[in-house]
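The same chain A turns up in both complexes below, where it pairs with chain B and then with chain C.
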Partner chain A sequence: MTSTSSDAVPISTRLSRWANQHRKWLFAAPAMAFTAMLICFPVGWTLYLSLTDAKGSVRRPADFIGISNYLRVLTDTDRFWPAVARTGVFTFGALALELVLGMAIALLLWRTFRGQRWVRVSILLPFVATPVAIAMMWRLIFEPNIGFANRVMGWLGLPPQPWLADPGMTLPTLIFVDVWEFTPMVAIILLAGLSTLPDEPDEAARIDGAGLWQRFWYVTLPMLKPVVLVAVLLRAIDALKTFDLLYVTKGQGGGSFHEAETLNIYVYGLSFKYNDFGVASAVLIIFFLMILAVMWLLTFRRKGAKL
Partner chain B sequence: MSTAQTASAAPAGTGVRPARRRRAPRAKAYSAFRATMIAVVVLVFVVPLLWMVMASFKTNVDIQNTAKTFSFTPILDNYRHVLANDDYLGFVRNSFVVAFLATGISLLLGVPAAYSMSRFNMHKSALVVLLARIIPGVSLLVPWYYVFANLGLVGGYGVLVISHMFILIPISVYIMMSFFDSMPRELEDAALVDGLTPIGAFLRILLRLSVPGMATAAILSFIFSWNNFMFALVLSGANTKTLPVAVFDFVSYASIDWGAIMAATCIMTLPIIVVALLAQKYIVSGLTAGATKG
Partner chain C sequence: MQHRHAARIAALMAAALGMGTLAACSGDDGESTTLNVTLANHVWTDIITEKIPEFEEQSGLDVVVTQLSEDQLVDNYKVKLNAGSADVDVMMYRPLQVGKLFGQNGYFADITDRVSGAGDWDWEDFQAGPVGLTTYEDQVVGVPMITESEMLYYRTDLLEDAGLEVPTTMAELEEAARTIHEENPGTAGIVMRSQASAAVTQLSGFLYSFGGTWLDDQGHSAIASDEAKEAYAYYGRLLHDYGPDQISTDMSWPESAAIFAQGDAGFWIDASSLYENVYDPAKSQVGDQVGFAPFPAGPDGSRPYNVAAWALGINAASQNQDNAWAFIQWATSPDMTLEIQTEGVPSARTSVWENPEGTESFPEDLAAAIAANGENGVGQDRPLVVGVAEAREIVGAPIVAAITGEDSDQAAEQANEQFEAFLESDG
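Take a look at the complex of A and B:
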């Protein structure tokens, strides 16, 4: 194309031609730029703050103090390591129970039955409902004197429990709430996976005389493995970062004995209660590395896996 | 609800007839067992929610009365109290404004991005967007607060919309990518042969065909924005508080008035329940997008 002929083309046509040629980035760039801007700057800044003694206000000039924040955090057996342990216990406990129960429910609802639409809608409710509402609801249910939980214990002939009022029982109780809230989500993801499986391998195994458990363990489960991994990944990310439930039921610091203080709650307190930005940033960087490590471990064996 | 099928109608089609006939009594027992288990599952997930709804219609005296767990005289005082006090309707409006704006703009940015990422296999670029789903929100809040406060934005709708978009764009991109992935490439080729430009083909053909996908992305985006607590907790001002923050504050400041709190949580959850009932299919397909083609 010579310059004269391109001059003859009206500007709108040239613009449209340019847009069509560059549509790949024209379409992708705004969303990517928006997200990258909101991530890169804060992460860079957090990295910087983690190496300074920033405290009180981020406007106050902070001194560069090298890795001492990291050393302080990593040797802190008072708040940091217990928070790491609680994060691990909460995430692992909730995830394991949700997987087992979710799989059981998915298998239970797999083959069609009358009223299945209503059953599926009703199990959708726990995890689409606002987490703050769910947390409030369980706070009242587990209220030792007037709550529904101790009434149910009474019907079952069991002694009433202190639930969230007892530091020792807090974490298991909160794991229970998380399991109640998100088992349906795991079940629905697994159910979607089950419905795409071919019938033939299961049929063949049945004709060969395999029992229910054998058919599940050796036929269904291996075929379902990719879907299970997706469910694990999604739940692990969210469980590690659980905030709403813990903050609404136990407040800042995770209760008077920090019994519900996970890393996320700990960092929130450091940032917005103590304004201890340097230390908070160091904890955040460590927390983020932990999440990446978990993700890496989970996707390690899946070559070419997409998130 | 939840009546299992009888054995004769059980798993359709592929059956080995003689074997099934031999096991008929067992199959019947199994289907009764299955129906019972399904009923138990439904009860476990629904009863706590029902109990919350019932508590919202009780006086605080009745909430404390063990004898009145299920039999009580329903009252509307809690709802009247909530709707009269605390500018609650203003918080409802805030939640709607933020959720609609954030959902709309996220789709505007997310749908074309998802198309490009799917069409041109930009998996590395997609990872940038999806990284937003992994990163802990707290790590962003301090820098965001600082920047937005300097720009004079904290306490306005804008900053809430931006922070929610940060969550919603990855959701839209994730859902729409798997939607575009499943769309045959020939559709676009045919449109090009017919003389449309690539962008024309996207706007006139592909977008129209992806309405179900966009509905899915919009519904899930709306739910996630409506439910968001942590970002609004830090970034909202007295006049832009969204419902979750308002309900949370209700507990911190009032002496614990459980009846009113339960009424407030019921009002907050109602729109989500309505959406879930009307759009169950879309919610399920959105949550499982990508999961089934691992």
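Take a look at the complex of A and C:
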């Protein structure tokens, strides 16, 4: 009896020994399982719904209808593809302007000058304000009859513009608001990148007689490339998913002609107005894949750049 | 020793989690003394929330009010009721917008026995039209408490200056809007809703008065009939030719009411229940100069909508239905209804309308106009289908086409096809 107990280590001891060896996993396991569930369950449920004809209420019985929701969505040239196009125009329009302006602001703020700190803080203000409040403010400013924008146009001797009220002008106006709001964020990221750059290459280029533009294009920008890509990635994902600004300024459906209806707004309408949960889920899955593709492209290219 | 420590922490954490779950569950058992009431932004809501402490004292319940704007209210219901949530007990809803949808989804508790067995509270007192709208497949699912009809609001001073009489026909209205627009640069002759789906309810009066309907007797789309085309064109022409200079196609009632209340328009056509927004001097710069008239007559007479705008229902998943019913009974009692109507909210109770007290606080011409609308009114202001939101977008498209000066006849034909396809799959 004594021999067996000394030979075989009791099961509880072995268990606790094992637990001790793997304790970093054990401790992290609940949090990891929780996070995995938070990601997997909604995606899985959406995927399931997208293959059914769920309508009205998700608690009503729904039939499994295979990929016909996807076929319906992908052949819909009335609402879906225009929404894709608007999402693209909005994202790339805003992103391009924000990068150019953000870079310009970052370069200006890079060199030290008096009152620099104040300028840095004040330039961040649009970015720290609440998006819904910003959207409501711009909606009032762009009100065609009593808004401030048209008063300014009057002072400048220009004819009043319909702004958000005109289907053709809606997207450019919204891009303008987005640029106003998020350029500071791009500028701050780029500025952070700039301040970590070594001075030597720039000095060497200067001694070699390179001009201002040449020094920026051939020296600063290549060194800054990874930071630029981070800014692009963050802003692109954010802009693709824009909802608050569009919903507050143009409401459900993105206006009478759906002129501001991006994919996000479209999906919102499908689920909350039409209660067409099957189709809405299909659009969401397609949208999800699109964002994944964009992310993959950007990170893939970044790795390529490093090699 | 460390692993024992770890095991102890894990056990503690598990216990804490378990207790949290238990605590979360315990609230759901049976009737609770906390009553969750979800209400929309409305004058009615402002009045009732002030009186809720009286109800709390009398019943011993705690009433938690969630107050939301119309769109957010519906979205809120859709999220919660879709999930079968029990944390909504009393729900304020729009019978015309979601009555069929929610009824079909089984979101409403059947209160037929409760209303008919309520004695003095007197279910028979409610007007038949509104009651029809809060009944789903022979089950009473809601108690109507606010009615509204389509009203012509006008500026007494502008009409006087132009030497105009209050228009009683569509032709006179157009002529008056034209005159005011021409004589007062910068002032719109008329302002109305212009956003595609928001404008649908206001178009309905024009549609009926021109002799049209949304659906024909067989349930097919009727929005490409000659009468409907005429109504679309007329509505759009008013706004296109005599509306605000910079016409937006995003206007619902808050935007159009704001323009009228700022003194920038001669006429405004919208729901009677919104009159405080342009009549109350605190909200309107022209409160003293607002006149009220019945809806003008078209070829088929004056046929405005006259509907139950809001009702109170009980969530079918609520564990607290007896208390919810007690609240509804209190909030819609004859006395309470009279009191609220004297503060300006048109009710659905016949006795209140027959009582002189019930209308004495209204401006005289408003009461007269509501009464006239009540006689001629049609009991719906939008197509009565399940997917109302989608239907409104479809039938609203020709309105916007007309407002922006496009060919509304063609838009009506196109919308007609879409509407027909929608009706086939509706529900």
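Note that in this section the second predicted complex is superposed on the first by the 274 of 307 C-alpha atoms of A that agree within 3 Å, B and C clash if a C-alpha of one lies under 4 Å from a C-alpha of the other, contacts with A are read in each partner's own complex, and residues count from 1 in each chain.
In this text, contacts are C-beta pairs under 8 Å (C-beta built on N, C-alpha and C of every residue); 3 or more make two chains touch, one makes a residue touch a chain.
Quick caveat, the model's predicted, so the values are computed rather than measured.
Touch criterion not met for A:L246: it reaches neither chain B nor chain C. In the overlay built on the shared chain, the residue A:L97 is in contact with neither chain B nor chain C. In the superposed pair of complexes, A:I123 makes contact with chain B only, with no contact to chain C.
After overlaying the two complexes on the shared chain, residue contacts for A:I189 are found with chain B alone; chain C is out of touch. A count of residues in chain A touched by chain B and by chain C gives the higher number to B. By the touch criterion defined above, A:I286 reaches neither chain B nor chain C. When both complexes are overlaid on chain A, the residue A:V227 reaches chain B alone and has no touch with chain C.
Applying the stated contact rule after C-alpha superposition, one finds that A:L171 touches neither chain B nor chain C.
Contacts of A:P162 after superposition: chain C is touched, whereas chain B is not reached. Within the superposed three-chain model, A:R151 lies in touch with chain B and out of touch with chain C [touch as defined at top]. The residues of chain A shared by its contacts with chain B and with chain C are 16, 19-20, 23, 26-27, 30, 58, 143, 145-146, 272.
The part of chain A that touches chain C in the complex is made up of residues 16-17, 19-20, 23, 26-27, 30, 56-60, 143-146, 150, 160, 162, 164-165, 167, 250-253, 255-257, 272-275.
On the side of chain B, the complex with chain A involves touching residues 1-5, 10-14, 16, 34-35, 37-38, 41-42, 44-46, 48-49, 51-52, 55, 63-64, 66, 69, 109-110, 112-113, 115-117, 119-120, 122-123, 125-144, 146-147, 162, 165-166, 169-170, 173-174, 197-199, 202, 223, 226-227, 229-230, 234, 243-244, 247-248, 251, 258, 261-262, 265-266, 268-269, 272-273, 275-277, 280, 283-284, 287-288, 290-292, 294. For chain A in complex with chain B, the residues that touch the partner chain are 16, 19-20, 23-28, 30-32, 34-36, 38-39, 41-43, 45-46, 49, 58, 105, 108-109, 111-115, 117-126, 128-133, 136-138, 140-141, 143, 145-146, 148, 151, 154, 180, 184-185, 188-189, 192-193, 196, 199, 203, 206-207, 226-227, 229-231, 234, 237, 240-241, 243-244, 247-248, 264, 267-268, 271-272, 277, 280-281, 284, 287-288, 291-292, 295, 305-307.
On chain C, the positions that touch chain A within their shared complex are 2-4, 6-7, 10, 13, 71, 74-75, 78, 81-82, 84, 101, 104-107, 194-197, 244-250, 259, 262, 264, 386-387, 389-390, 393, 396-397, 400, 427.
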